[in-house]
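Both of the next two complexes hold chain A, though its partner changes from chain B to chain C.
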Partner chain A sequence: MLSPVLCSELSALEPEYTEADVISAVEFSQSGEFLATGDKGGRVVIFQREPLGEYNVYSTFQSHEPEFDYLKSLEIEEKINKIRWLPQLNSAHFLLTTNDKTIKLWKVSERDKRPEGYNLKDEEGRMKDISKITSLQVPVLRPMDLLVEASLRRVFANAHAYHINSISINSDCETYLSADDLRINLWNLDITDRSFNIVDLKPENMEELSEVITVAEFHPHHCHLMAFSSSTGTTRLCDMRSRALCDQHAKLFEEAVDPANRSFFSEIISSVSDVKFSHSGRYLLTRDYLSAKVWDLNMENKPVETYQVHDYLRSKLCTLYESDCIFDKFECAWNGTDSVIMTGAYNNFFRMFDRASRRDVTLEASREVCKRRAVLRPRRVCVGRKKRESDVSVDSLDFRKKILHTAWHPTDNIIAIAASNNLYIFQDRHSHHGHHAGHRLEQDRPPQLQDAPPQ
Partner chain B sequence: MFSKGTKRKFSDDGDEMSDESLAGAQVSSSYSLQRQSLLDMSLIKLQLCHMLVEPNLCRSVLIANTVRQIQEEMTHDGTWQVVTETFCGGSQSPSERLVATEVLCRSREQDAEPKLFSVLSYEGCREEEVVTDETLCSVTVSDTASDVCLSESARHCWERDELVEVERDEEACESSRLGPGDDDDDDDDDNDDDDEVDDEEESSREDPKTMGQVFGTFEIKNSAPGPDSALEELFSDVDASYYDLDTMLTGIQSAPKMGPYDLLDSLAPSHGPPSIGSPSNCRSDLNELDHIMEIIVGS
Partner chain C sequence: MEYKVEAHRIMSISLGKIYNSRVQRGGIKLHKNLLVSLVLRSARQVYLSDYYSGVCLNAQHVEAKEWELMDGDQEKLIPASEDSLPSSTDCDQTEAAEVPEAPQPEETLPSLAVEGPEDPCEAVEGPKDTSSSEPQAEQEGSSSVDSTSDVSVPSPVVSEPECEAKQAKVSSLDCETDSNLAMSAEGNSHQPPKAHSCSNRKRSAEKTASHDSPVKRTKVTSSNADEEEAEEMDTSNVSNLITIFGSSFSGLLSKESSEPEAETEESDSGSGQICCDQMLKNLNPWSTAIVAF
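Right, the complex of A and B next:
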């Protein structure tokens, strides 16, 4: 299990921060060398892992802008809902970002040489006086300060009538899916004016609508399999080979609700907020409001493991319903070897569960608690009397501090936790990358991260 | 958790409610109070909205499902009936409730019949998402009487948009179409209340945009046969879903943002003038127009 050490904390001003700085997406690249975050203001910040193990800003760009839908007289938020990296094929890096309506493919590339010695233009780019040119020269490439550029390569728009909640790149690296509340579309990465609808939950009569799609994901190895979860607590596995429209599922993963626990909130808390295939492709991890479940793809009627994330909230469901907290969508993650799962909770707590040993730990990601290179102390939430001084009582939990977005490095024990506008990166102190050289924590880092070339 | 209004209602209603609450154990009475409170909260949630940004469809679906569940349960133990009967007895005046628009909570003229209110989904917006406005949907925290208000206003909204001939028709047909009323809740039915057509019609005509956005959210159904059933059958096949809540809403909230397509959206096709055409044609045309517009706008 991890004994997390605070590796680097890259954050904006606190405690006052603008809503636009709230991080809404976190994703490691396929190799783990890069970490991308998206925020409510439509910006994407990419961090690169330094040789010594720390993550520093690599590139920042504005991915989405707010739009106004004139037909509906409604704003389209620029908030980044999801980011997904493509597998790296050459020296450039590609990632898909999406807001509620539009998906974009970005290319992030480095430039460290520039041509010098043009014949017709001088160094500043001004045209030379032709009469003054006496000889011909061949431009040469000279090294320059590293410049990281992000350029927009594709825009996939106008395919979703409802809000996009997920994107997932297929293992074939040619296609990807995008899912909104009622439909899932299949795209080719090179074709922007066409997509195929593969799942459609919209009923003929909208008044009958009782179920929406919450998350969709492709299987990591089988390019014909995809899974999507719904607000009714079911997760469906679909095989795209059987038919073009995958409304009929190949498998349906659903656990019957214990009648003893049934309440008016049963359906709401069973709504699946995240689905992740294990790296092996054998298991599915689903997150509902109170628990995280591991499903074996071969067994549909119940999960193989259930982890209670914050069961102490069960008695507070009415309050949480009133404050709308019950609709919070927490993400979940597998570690590289599929032996540990992680998910966020309230009060800036996040939890990790070791599947084999069944041990679990609760940790907190907040400035007060996290000092550089300190080992995080496990936290505990107690329902009744505090047994230890460090315990946190259920009634003192801050529900405004929620950790919705978490990510785990694909191979190493490095995790990224987004707590509102702060990004925390934790690393196992026992990792083989060894100790970290001194690196001062920049407390006064300005909220707007500039395009800064890595030094 | 229990609002003042709730308590007041239960004490005011005297006979029926007190019988109800005394009949069950203390536990069940507090359970039904809790349930009532949850229902009220859910209804309010469905009605509040963010004007500028489309509301979260997932959240709306979950809340609507919760409301349906509560209604079903209340129907099963008969408390639904009791509550509505009580209200329909006319014991309360509109001023006791949070009424935004005067029309919304007029006391019923005809004899009250117990009504079942089933909550529909969030239909009506161009993209069929819940867009609600608390000023339109004068829901009180206290009681399900608000449902009556909502449903009446809802009914009026599409009624208003339909041609007046329809009303004349319905009055004519009323006597000729007596039939069995619809029995218990069936969420898929489009049965609408037909009371007070005339009264509300005039007042609502003045400001067509103030009403009806509720309509996509709620419907009324009659639970028992009676003189009302004729009218309700007449409207039984009107599809509420064609009502564009959005149009109503944006009209009242801010500077009118209605475009030409909004008007089309807001006309109820099934009983409307022939030029509107069938509902499905209208709808697909609108979808095409949407699509074209989006391309033109260049999003």
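Right, the complex of A and C next:
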């Protein structure tokens, strides 16, 4: 089983933080060299993995700004909902970021050479006095300090009447999908003024609305297959070859609800909050409020594995409903070999489940507990009396501290955990990549820098 | 009873959430509001099913006294009019026969309809997709009332109280219409206070008098009666809602007068808001109150 060790903790020094600093998206690049985070203030921070194994800030930019829709008198939040990296084709890196209404394609590139010796401008950029120019020179490229720039390449706007909840890049690297509550659109990465609608759940009469789309994702290998989950607890697999509008699903993954467990909140806790294909493409991981399920794409009527993340909350659903916690959308993740799944919980706990051995572990991501190079101790939540001193009782769980966003490196055992405004990066102690720097790394999150040179 | 309190609380919390979602940043979140409305609906179903079983037990005593009064009047009327007697006495007998059976929750519904006309009417404007089996079962019951055979009110599932109340109300109104006619024929102006408000609903009662295709009539009536009954029951509607929803509703009342303008604006804007409004109107029978949203 993994023994995670803290290798980087990137967080604000002060415990007080503003709402805008809360991390709302975490995503590793396809190679794992970069890690992008988005926050509620619309900023994106990109970290790069150093040769020693640590992640340091690479670039920061403001991706989305708050907007106002004058027609509908609605404010559009700048919160970054999802980030997805494109596969790398050249030296530049491309990523898609989205808020509730607009998707943007960013290019992040390095510049380490600068042209010098202009004829008309001097070194500071001021125009030279023409009468003083006597000869012609050819500008040459000279090395400079590394500069990382993020430039906006495409804006995909005005295609969604409802709030965008997910984006997913197709394996063909040319198209991607964006999903809102009722519709899924297919885009070409180069074309911003049109998109194709491939799923439309909007009923003729909105009064008959019974379900919304919660997450959509393309299959990792088959460019014609995509999956989307709904608020009713079902996940559908659609084949885009069969027809242009994929309202009819090819497969429907739904488990019958145990009638003994019915309560007022049964519908809410069955709503799927995240869907992830396994790297192999054979399995689907879905997360609902209390559990995580692994589905085999070949079997629709029940999952092959069900993992209870925090079933002790089942008796507290009413309290969680009052505090709105029951609407929290937890993400889930596979490891590189699809042998372990991970998801977040409350009290800054996150859980990992080993599929083969059926062992699971609960770990905590918090400042007090995480010291550099110290192995994380497994935690336990107990319902009744504490059996061990380190146990945490259900009643003392802090529901304001929730780990909604987690990401796993595509190949290595490195995980990124977002806890409010803090980002924790853990590495497996036994990983052969693990070399830890001696100094304790603590950085302020750069507030408004356009480019942050690496240290 | 615990379920009733719990359901009541959950309903008020849900309404508060829906109300707050209008003012939060970023616009109405369709997903969250859909889930909240589902909770609101299930809580309401539990609450109403419990409501009837609770209120009926109390109503039985008051109702019995009312009918005693009416019986007394009827006895005075007997020598005066013999034509209208059979139907009225039949009704009295069957109603009286129903009263002793009141203790059982299902069978108190007919008497409940007389006792609290506002409440069943509210509940009646329930989801339009009521099952067809229930109205038919109750129609048989009401036809048995008319034919003065043994009153064997079928015991439908308590989870469909709206439907039963509707049918029961219809059957009792039929009787009441007759009894009203009987009394007015004698020039007796005595009418039970509640019959006055019920008399406005003679229109709807007559519509459903025929037993052909009961399901269709029921649905049509409920949608037609929606408007007129809503207006009539405005004040009683609101006062009932206050008791049901407690403090979370008081803020809504004060804003209700100022809200209508805002409501029309908002109903034109935002697909998320439109569907939210429409969803609420569909799910909640108390349309006047929810207009405030």
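Assorted remarks:
Criterion: the second predicted complex is superposed on the first by the 443 of 455 C-alpha atoms of A that agree within 3 Å, B and C clash if a C-alpha of one lies under 4 Å from a C-alpha of the other, contacts with A are read in each partner's own complex, and residues count from 1 in each chain.
Simple rule for what comes next: a contact is a pair of C-beta atoms (placed from the backbone, for glycine too) under 8 Å apart; a residue touches a chain by one contact, two chains touch by 3 or more.
This one's a predicted model, so the numbers in the text were calculated from it and none came from an experiment.
Considered on the superposed chain A, chain B and chain C are sterically incompatible, since they clash.
Touch criterion met: A:Val212 reaches chain B and chain C at once.
By the touch criterion stated above, A:His163 is placed in contact with chain B and with chain C alike. Of the two partner chains, chain B is the only one touched by A:Thr102; chain C is not. When the two structures are aligned on the shared chain, A:Ser271 is found in touch with chain B and with chain C.
Once the two complexes are overlaid on the shared chain, A:Glu75 sits against chain B and chain C alike. For the superposition on chain A, the stretches of chain C under consideration are 3-11, 75-83, 93-101 or 147-155; the one running into chain B is 3-11. On chain A, the surface touched by chain B in one complex and the surface touched by chain C in the other have residues 71-77, 100, 161-163, 181-182, 205-207, 209-212, 214, 231, 264-265, 267-268, 271, 318, 321-322, 324, 327 in common.
Residues of chain A touching chain C in their complex: 71-77, 79, 100, 161-163, 165, 181-182, 205-207, 209-212, 214, 231, 264-265, 267-268, 271, 318, 321-322, 324, 327. Put simply, chain C touches chain A in their complex at residues 6-7, 10, 13, 17, 25-27, 29-32, 34-35, 38-39, 42-43, 46, 265-266, 269-275, 278-279, 281-282. By the touch criterion stated above, chain B contacts chain A in their complex at residues 1, 34-35, 38, 41, 45, 52-54, 56-59, 61-62, 64-66, 68-70, 120-123, 125-129, 187-188, 190, 219, 239-241, 246, 250, 257-259, 261, 290-291, 293-295, 297, 299. Of all the residues in chain A, the ones that touch chain B in their complex are 67, 69-77, 100-102, 157-158, 161-163, 181-182, 205-212, 214, 231, 264-265, 267-268, 271, 318, 321-322, 324, 327.
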